[in-house]
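Below, each structure is written out as structure tokens.
Each of the two complexes below includes chain A, the first together with chain B, the second together with chain C.
Let's look at the complex of A and B:
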């Protein structure tokens, strides 16, 4: 009898949480879409070419030459103190009052998300998240075997009445919710922002329910039309853990983010960070700290805002000009993303290969829901392509949608393709 | 023996199978790098022809899957560039890559292949999808297997067990091409058989049996290690094994293929192989079946690859 091979001899040893980690034909599409012939409206890569790279290079060289013994050494698990002081100044733009001692520097805000989830979530615990929600947060929650319950959003973000109703239902079911995960400002993928009145209402509801809030705010300083919004943390510092990041305001390659948390949580985050990575890179922490001390970062932020606003405008104008009847989309006031709803009966995941054949890529909405729904939606990103590419990409997308409409008119509406956590591109994809 | 110092492995390309091709190319390049042999890995883009003109390698080994890589056009480009390459010539690729054409050719040579129809999108538009689909189910029965007439890696392919599953399957198929091959599903053992020709006659490799968890060898089952159990040689009686090998050799020879191919078959309960399709640029990834078949034959990818490079170089001189 021939002995079988499963290629991977460790296949029976994996933990249950690894079960969903499978090859995905949707991800394979993103490999196709990485070619320059394809306009990618899929990834969320910031346009770092707009940075003064020569100045940054000189700054890095000077840093190693003058502070090499510190920059190339281990550091504390909490992160460099001078950087944490500078982070307080950044958060002050969103009216957050913080002490450097309450901040833990992390490997991007993604690691903060992972550490907070590790601290609070046991397998089967409930985490609330907006519908739709940031895909990699959903992956983190899945990795910790949380049960994600979505709360609906509208054009003004999370709907307070829906949050109240969801909490009541879960309470009646005897379920304890560990925290609410929210991206209240220029949400990924929705592109919507919670207005001040709703922020207050949300915090009231969370206070009534004694619910912890995880405020993820990577885009808060990338607003186009107004001053930065007041962060949730500013009004409820004991109830809100704030996650911040330099990935969009400077560059993701430094991998510097942070968590601002109440003292008890902070102490545990430091220990959790130490067990996860021992300590963050001293080199990149000192580099970001130096950047904030010596470079005109506020002016750079203004430049980013103008550049991303022009790209958003290009996308919205092109959508207005080209999209077939029945499509709807959000009109973001900042951040990187537009959330598009397809005409009834269309399936964004099934349509993706046809769109890629038309040489345009997007992310199907299915990657942004823990329950695999979202087939009617598309996330479009305007952060990386130039305005002319954006206009051409949207035009190509309209062709793909027209073709899909013709197919559906012929074959009838199909059942939506179930989604998976693999329906989004990896981080290095434009 | 022609001396080979520099080899170019081509991988990637502008196709839905780009990622799989990149993995195949990397694995092949690593396997070929022994001793002094210089192996470069490149994508197929606007820089290729200037590169081939300025600094031509001794031999090109294409590992592009899907359109361009397997439809003959890349081979035509290599002919135009005047560089030796491993694999079938453009005309043979065109025959093999178009699944309905390949089925017709091999069936005329006596191989069995599942009953099928090949329908472009326009037929459904012009005649009305419900009427066409009703006739398909009536004539071919259920279950059915739907796939794009051109392409691989199971992209756009699906099994249809009920009439209700047919419309979404056809729509899914049209995501990857404008023509659908709709086959009667033949139950049996799914096997794939590699054929190598080093210039001294065809060598069939041990048939590899594919037993995916869940029964369907889809994209996840193909490229997630552990999701499919492979048996090399397949768990068939000796007569059925021999018949599968012969079928692959017939397909390779009848379609006029060169150097290397892989034929996918279903072997039914009576041991009869039914031809599904043939690949002129078989996958060489960690989860691909050709490397498994080579290992079962006591061969290794690097050794066979270097032999095929020599065959290609000799053919060119």
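Let's look at the complex of A and C:
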């Protein structure tokens, strides 16, 4: 009898996969983070208040009044065709050539992640993911009983030799690798980006190993310093399933994301979507389509870039100014996140109570690994708070770290968390 | 090498569950059904044009302009709390006592179906379902590798003795039954409703067998002749997971449904929802919540009931007037569907080309069985077409059936479809 069986009479009925469904470590932190006296560097919420709410509202009113019979009705499981045509234009910014017919609209890119995993992963199959990787992707892989094997990153993202070595080891062990999951651009949580030469090398390795690639690209158009990167999909459309999202470029409240996949995979994704949700919301799909057709979305995107760049700058300046020696962090060229490594001997989860008393919230690194690593790390987000709050939050965090360092100097390091440090390079190490 | 492997290079990568993902039989019919010269009695689309589109549009505008920062943001995986409170009021109409905390908002009730199945069903587990049952639920069960065992119905829904016998047989075979899936009120596709005495008996049987019940209730508030039925959940809240939806009482375009579940199950459904879609659309959830708070939804529901009752009446009158001898059909007290049984020797799928030339669309019965039954049956919907179209559609269908009967009289019955007729009672047989 487990403890759960005393309170849940259905505990013996659950499927084996339910054992992989466990509450995210970040959940308690998010409850704390929403308190008004707290500066939250924890969440990944885009700053939607920057949107022109009045005109978006007027657009919605016009949509319902004039196209209500479609907008309020069931739609196809593949998604609205006009929206899919507009999505092709968005992806063209990253040099992706796509036909509307090869796109499946999903409930955020999270649903695309789920559908792809559902389609490919049998229990025990291996999925490769960066170390660290996007937390909710790891939950999805676990929910489908995949075994996640992490591939090390450095400041330029996934390390090609490490990928090669991992594939060789798994092949020698007779393990079946179903796909490589990667966020190549402005990675969550690492904040690092794979440069063009490494992209080519990665695709070569995957071609040699006949490995499918799942390219998750929610931040690709939120770059601060240059033109959008060329997507992996652009160079290997038959090998790469591309996941996109309007959650960061417009707003998450629509829950409109998509998958671009080779035709055979696309057909099966449509069937999987149908059995999962019947169809997506016509209302939110038509709204996003209308936004792309009638609103100045390219200008809005520029505004977002400038705003998030200012926030990144505020965070990096504050880190430079306040962080004690021994801290290292990444310097993102876009996206929402900085990945921070604490000085030797400190543990980001053990430090949480101190952060709570300093009224600053962050996400401990352990949430971004499937193997218990990450205790030395922290994900800091700069997307939602204003620059002054960001500076204050980083200052408070530095106080918490200083206090932990004093404690360590007085009493020595605490019991090390298993797997908290690894010998492989990590982002922020250079 | 299968044929698929020549066109889909990824065919060897799919998970075992992908084999259960096959295109619905109704798909081709729906393409035909949308042509303007065709009267479609095929789809289950509610008549959303009856909604006050201007005021719904104004409500959306106000929502985005005044609550945009919430409506456009991420929300919790469980769903908006204020909406969950309103949902409790809606369920109270069916005598369900619920706390907002026990509800998980889902992408239509289809997602609730998927999450429950994902949570409980291991490959090879048995799910019990009515004969016939809702087509997309069967797809969902198949996608999770459940084995569906049908339990016969008659004009009063699921037959209790048949359920008892099925459970005894499966128990003797050592099979694990994970839950009974039932649409007890105005069933899709049967159009029949379980009366109160049978509800009590069904719950007794399930209690004896310690069987979980999945009560899918999208049509409960679309009754024509009486007060809403008391939900199964009202009498067995710890044994019944209740699924609800705003797709028929408001509009499908919002994709807002829900599951009401015992606390332990609810916790796991939230985790499953998070890994499946991260969170539902705040925009559509807040819109439905706002609709329930500010619009005369009870009056709207009355209008829908009157409108659909008129359509049901048109269909039943036309069936009485036109259908040849040997046809039988159910007489629904609510909901969207009539279940028709063809005269001996006729096959609803074989008859489709004739229906196409008569310009009438329907769904053959085989789509509503997991075991190949249903060739003698047709699902007719009266929800979307106007009464005059319904009458014309039924007339056209009767012409097609008459022609098939002539053919049968001349050449004898065709090769019988395996499993097309069963010895158990079926709805429309009385």
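The rule is short, and it goes like this: the second predicted complex is superposed on the first by the 400 of 430 C-alpha atoms of A that agree within 3 Å, B and C clash if a C-alpha of one lies under 4 Å from a C-alpha of the other, contacts with A are read in each partner's own complex, and residues count from 1 in each chain.
Definition applied: a contact is a pair of C-beta atoms (placed from the backbone, for glycine too) under 8 Å apart; a residue touches a chain by one contact, two chains touch by 3 or more.
These numbers come from a predicted model, not from an experiment.
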Query raised in the report: Who does A:63 touch here: chain B (first), chain C (second), both, or neither?
Result: second
Query raised in the report: More chain A residues touched by chain B or by chain C?
Result: C
Report task. Go through the superposed model and pick first if A:53 touches only chain B, second if only chain C, both, or neither. Result -> second
Report task. Classify the contacts of A:29 with the two partner chains as first (chain B alone), second (chain C alone), both, or neither. Result -> first
Requested in this report: Could you say whether A:114 touches chain B, chain C, both of them, or neither, answering first, second, both or neither?
Outcome: second
Query - Which of chain B and chain C A:8 touches, first, second, both or neither - result: both
Requested in this report: Go through the superposed model and pick first if A:168 touches only chain B, second if only chain C, both, or neither.
Outcome: neither
Query raised in the report: Which of the two partners, first being chain B and second being chain C, lies in contact with A:350: first, second, both, or neither?
Result: first
Report task. Give one of first, second, both or neither to describe whether A:207 is in contact with chain B, with chain C, with both, or with none. Result -> neither
Report task. Touching chain B in one complex and chain C in the other: list those residues of chain A. Result -> 4, 7-8, 10-11, 21-24
**Report entry** Partner chain B, residues of chain A touching it in the complex
**Finding:** 1-8, 10-11, 21-25, 27-29, 31-32, 34-35, 37-38, 350-354, 356-357, 406-408, 410-412, 414-415
Query raised in the report: Residues of chain B touching chain A in their complex?
Result: 12, 14-20, 22, 45, 121, 124-125, 128-129, 153, 155-156, 167-168, 170-172, 174-176, 209, 211, 219-220, 222-235, 286-287, 292
**Report entry** chain C residues touching chain A - in the complex, by the definition given at the top
**Finding:** 4, 7-11, 13-18, 21-24, 45-46, 48-49, 51, 53-54, 56-58, 60-65, 68-75, 107-108, 110-111, 114, 118-122, 125, 136, 139-140, 142-143, 178, 212, 238, 247, 251-255, 262-265, 268, 271-272, 274-284, 287
